[in-house]
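Okay, handing you the structure first.
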Amino acid sequence: MKAIVCVKQVPDTQGKVAVKPDGTMDRAAMATITNPDDLNAVEAALQLKDETGCEVVVVTMGPPPAEGMLRELIARGADRGVLVSGREFGGSDTFATSQILAAAVNKIGVGPEDIVFCGRQAIDGDTAQVGPQIAEKLHLPQVTYVTDIKKDGNNVIVKRQLEDGYMELKVQTPCLLTCIKELNTPRYMSVSGIFECFDKPIDVFDYNALKDDPLIETDTIGLKGSPTNVYKSFAPPVKGAGMMVESAAQLVGMLNDKHLI
Amino acid sequence: MDFTLSKQQQMVQKMYKEFAENEVKPLAKQVDAEEYFPIENVKKMSKLGMMGIYFPKEVGGAGGDVLSYVMAVEEMSKVCGTTGVIISAHTSLCAAPIYENGTPEQKAKYLPKLCSGEWIGAFGLTEPGAGTDAQGQQTFAVDEGDHWKLNGSKIFITNAGYANVFIIIAVTGFITDRRGRKQKEISAFIVERTDPGFKVGKPEDKMGIRGSSTCELIMEDCIIPKDRLLGVKGKGFQLAMATLDGGRIGIAAQALGIAEGALDETVAYVKERKQFGRSIAAFQNTQFELAEMKARVEAAKYLVYRAALKKQEAMNGAKVRYSVEAAEAKLIASRTASDVTRRCLQLFGGYGYTRDYPIERIMLDAKITEIYEGTSEVQMMVISGAMLK
Amino acid sequence: MAEFNAMDTAAFKGVWVFCEQREGQMQTISYQLLSEGRKLANDLGVELCGVVMGSELNEDYIKALGGYGADRVYYIDSPLLKDYTTDGYAKALCDLVMDKKPEIVLIGATNLGRDLGPRCAARLHTGLTADCTHLDVDVEKYKDFLRTTSNIDVDNTKFEENTNLKMTRPAFGGHLMATIICPRFRPQMSTVRPGVMQTQPYDEAGAAKVVIEKITPELTADDIHVEILDIKKSAKKLVDLIGADVVVSVGRGISSDVEEGIALAEELAGVLGGVVGASRAVTDEGWLSADHQVGQTGKTVHPRIYVALGISGAIQHVAGMQDSETIIAINKNESAPIFDVASYGIVGDLYKVVPELIKEIRAAKSAQ
């Protein structure tokens, strides 16, 4: 049994955001972190490992430095990593990305008892699309917004968050679950994990390793092949600064004058 | 000397910072105000391997290195001096002497439990009438055939209230030295909390590191098995001094962390606090104070790291001593901590004197680093002793 | 079923809105999307269709979709579609799309819509743009939009003249706006977050003339691999930020006394007739539950009055509240970016300012 976790390295948009003169994000100048929801996905897989002894494989698509993130996830307890990396993959939209990741997961191999975990969404794009799209490509049942997981033989009982409550669902393995922060609290790397993680295997899947997979359509990957393209990008509008007032009394007076209260 | 951190050291440092920020810092105020021993964080640190960082996997350790251990004490102390010393006393003063001097059976019995944090360790040398002064020791251990019987008491024992295992220094007899004087023969023992006749006294009410459990140990006809003698009979004082060499690196790291933590708080504060229409960071006095403090802290850091690397050489099997390096690191780092925290509080002004801000706690925590595990004066004796030899 | 080829763009016509119902109740996002879809359909000169799935739904709800702009409603009726399942809904929607070939499909970015949309887009072999905040097909209208919201020199920029759907959304936590197109594949799909689009007034005539086509899907229980065991409403009433007239949000500034900070916000919200929201920092810390979160990854609100207490104004928060009519910010740091978007700002300690504010508002109200 395996838990395969798809993770993404993202710019830390909570910290300082660097913007290039042309208005696009300067990723190179920004600190990178493991996408927060993905850490919940990794934790879910590690809890499954604690319970069942299953193997945990972390897979990411990104430039070569993303290997560092995989090492850190191994230091948290994952068994091995897969880095999907190639110039041909660069600039992929969610459709293209999910195709490549689905092929990578396919190459790792999804067994009858396996579970593929993803974070709900990445903080750089906030789309929440890649998980469900991987599931579709792999013909796996999916549950998104998962807040609780219980393994029950060949089934998994999960709670799926709704805006005003939750659904309890039973899903057969193999399946794909997208995880949110309410699911768990990610563990830290351990000291021994850190001192071992550089000895654990990380496989690199490049374009040649994946191009013959039936899930890959070579004309819909990368920047050129992606179905969606950026038409224009621009800085968001900023409201003109308002006025500073000295006291609560003065503010209430102004609000009163404008019939706001 | 190369202080470049390895990939592993960078990674542990990152983990320590996250852990300190998320787990340790939120508790620091309560730890101080309520003299609260942060047991849940000790358990969390145990799970992460932080209670046996530099011991090899074979004895249950995390397989890390001495600098990774020093950085753990440093990072925890940045946000909570109490948490820093818990790791330090446990690791340097209890696990280390067992690792370095224990029989295979003793190592097998104690190290896995200490490294996993299942047991907490402590070290008992200081007595009401004796600290560094070996001949002043009043705790006696008598060989009664199939067991030792201990009588006496120890004071100011860090971690005592929560420790399961204690390294106890005691007098095992008398010898005549080369000049014909009668001298006490000193040996080291491993005592367990549950041993009959062993008692932990009441905790001290302290100025700083208020959450750390500092108590008296009382041994009244305390019976321990024969195999609890640690190291060679009669070499207990040397064992204690060697143990303190390692301990001083831990305390130096604690002092370093306290000073760095004070600077972090102060830098944030001076950017926020406004006087005369400007943030106080804009005043040159603030800038010069910060600059000098920063430079001093960096200098202390290199002394501490150098001592850690020297101890690492010893761990790797080289026949080296690191007494002087440890003493220099502790002397400078602890003075820096006291000096920097006092000056940082001054930059905070009136707010710094209130408990709304952490700087008064940090200042009070700093002072102990000049006192325990050998006062600054003792460190100077060690350093000058080597110079004038 | 007709041959389906997502690249045969000329074969696709019409604007569709997926109208989400839960437990037989139409979700308000459906009306917002129909209102927006109506504009797009008018610009294209095509039909606007709503797609509803469910079982034994109240016909009045379905007719009402016409009142919000739908010319036609496809009502896919099956006991297997009573409650949402990814497998059932994705198959029913995709089969219908493959059959009817709409050029645009809009889906609400609810927890369910964000589950359904990507699954369908992958199956239909087309692109999907998530969480759009603005949609255009007409180039001139898009240019007008850019004139008011961007610093792009519109008149000296070349725009391709076509009716591709231009889907604008925030990216990188709101630091950047991007307009996305999907030129080679159809349908063009996008999700839109609740509260972003305005609902147009209900039109009786539209409701009267809407054409309802009931469809029985080719769906069997074997198509559905997930079994619903239970659906529970949360015991605690979730805060209705989107519909609120006044939102009083708290940020990291309440860290020195969380309980007191929240109590003050609740009291202020009480006197103003509003609800309490929060920045991401507050919900991440667990001081308030996630449903309080305003911002890029939380909810988008545009109340009449938005009060930000101890919120620095990280762009990801601002993205969710900047369209509020009046923004009041209270923060002790005078250089906090929240003051850049505030209509009124007070530099001060919220624990001191808010009680005064409550007192003053009470006094003002009793004088009215």
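By written order: A, B and C. Residues from 1 in each chain.
Methods note: a residue touches a chain if its C-beta (ideal position, glycine included) is under 8 Å from a C-beta of that chain, and two chains touch if they have at least 3 such contacts.
All of these numbers come straight from a predicted model, not from anything done at the bench.
Taking each chain's centre as the mean of its C-alpha atoms, the one that lies farthest from the centre of chain A is B.
Put simply, the chain closest to the centre of the protein, by Cα centroids, is A. With centres taken as mean Cα positions, chain B sits 41 Å from chain A.
For this pair, chain A with chain C, the centres built from the Cα atoms lie 22 Å apart. A straight line joining the Cα centres of chain B and chain C is 56 Å long. On chain B, the positions that touch chain A within their shared complex are 7-8, 11-12, 14-15, 18-19, 47-50, 53, 57, 61-64, 68, 72. Against chain B, in their complex, chain A makes its touches with residues 71-72, 75, 188-198.
Touching chain A in their complex are the following residues of chain C: 83-84, 86-87, 90, 110-112, 114-115, 117-119, 121-123, 125-131, 146, 148-152, 166, 170-185, 225-234, 238, 272, 284, 290-291, 296-297, 304-305, 314-316, 319, 322, 326-328, 339-347, 353, 356-357, 359-361, 363-365.
Chain A meets chain C in the complex at residues 11, 13-14, 17, 19, 23-25, 93-95, 98, 121, 123-133, 135-137, 141-145, 157, 160-172, 175, 181-182, 226-239, 241-249, 251-256, 258, 260-261.
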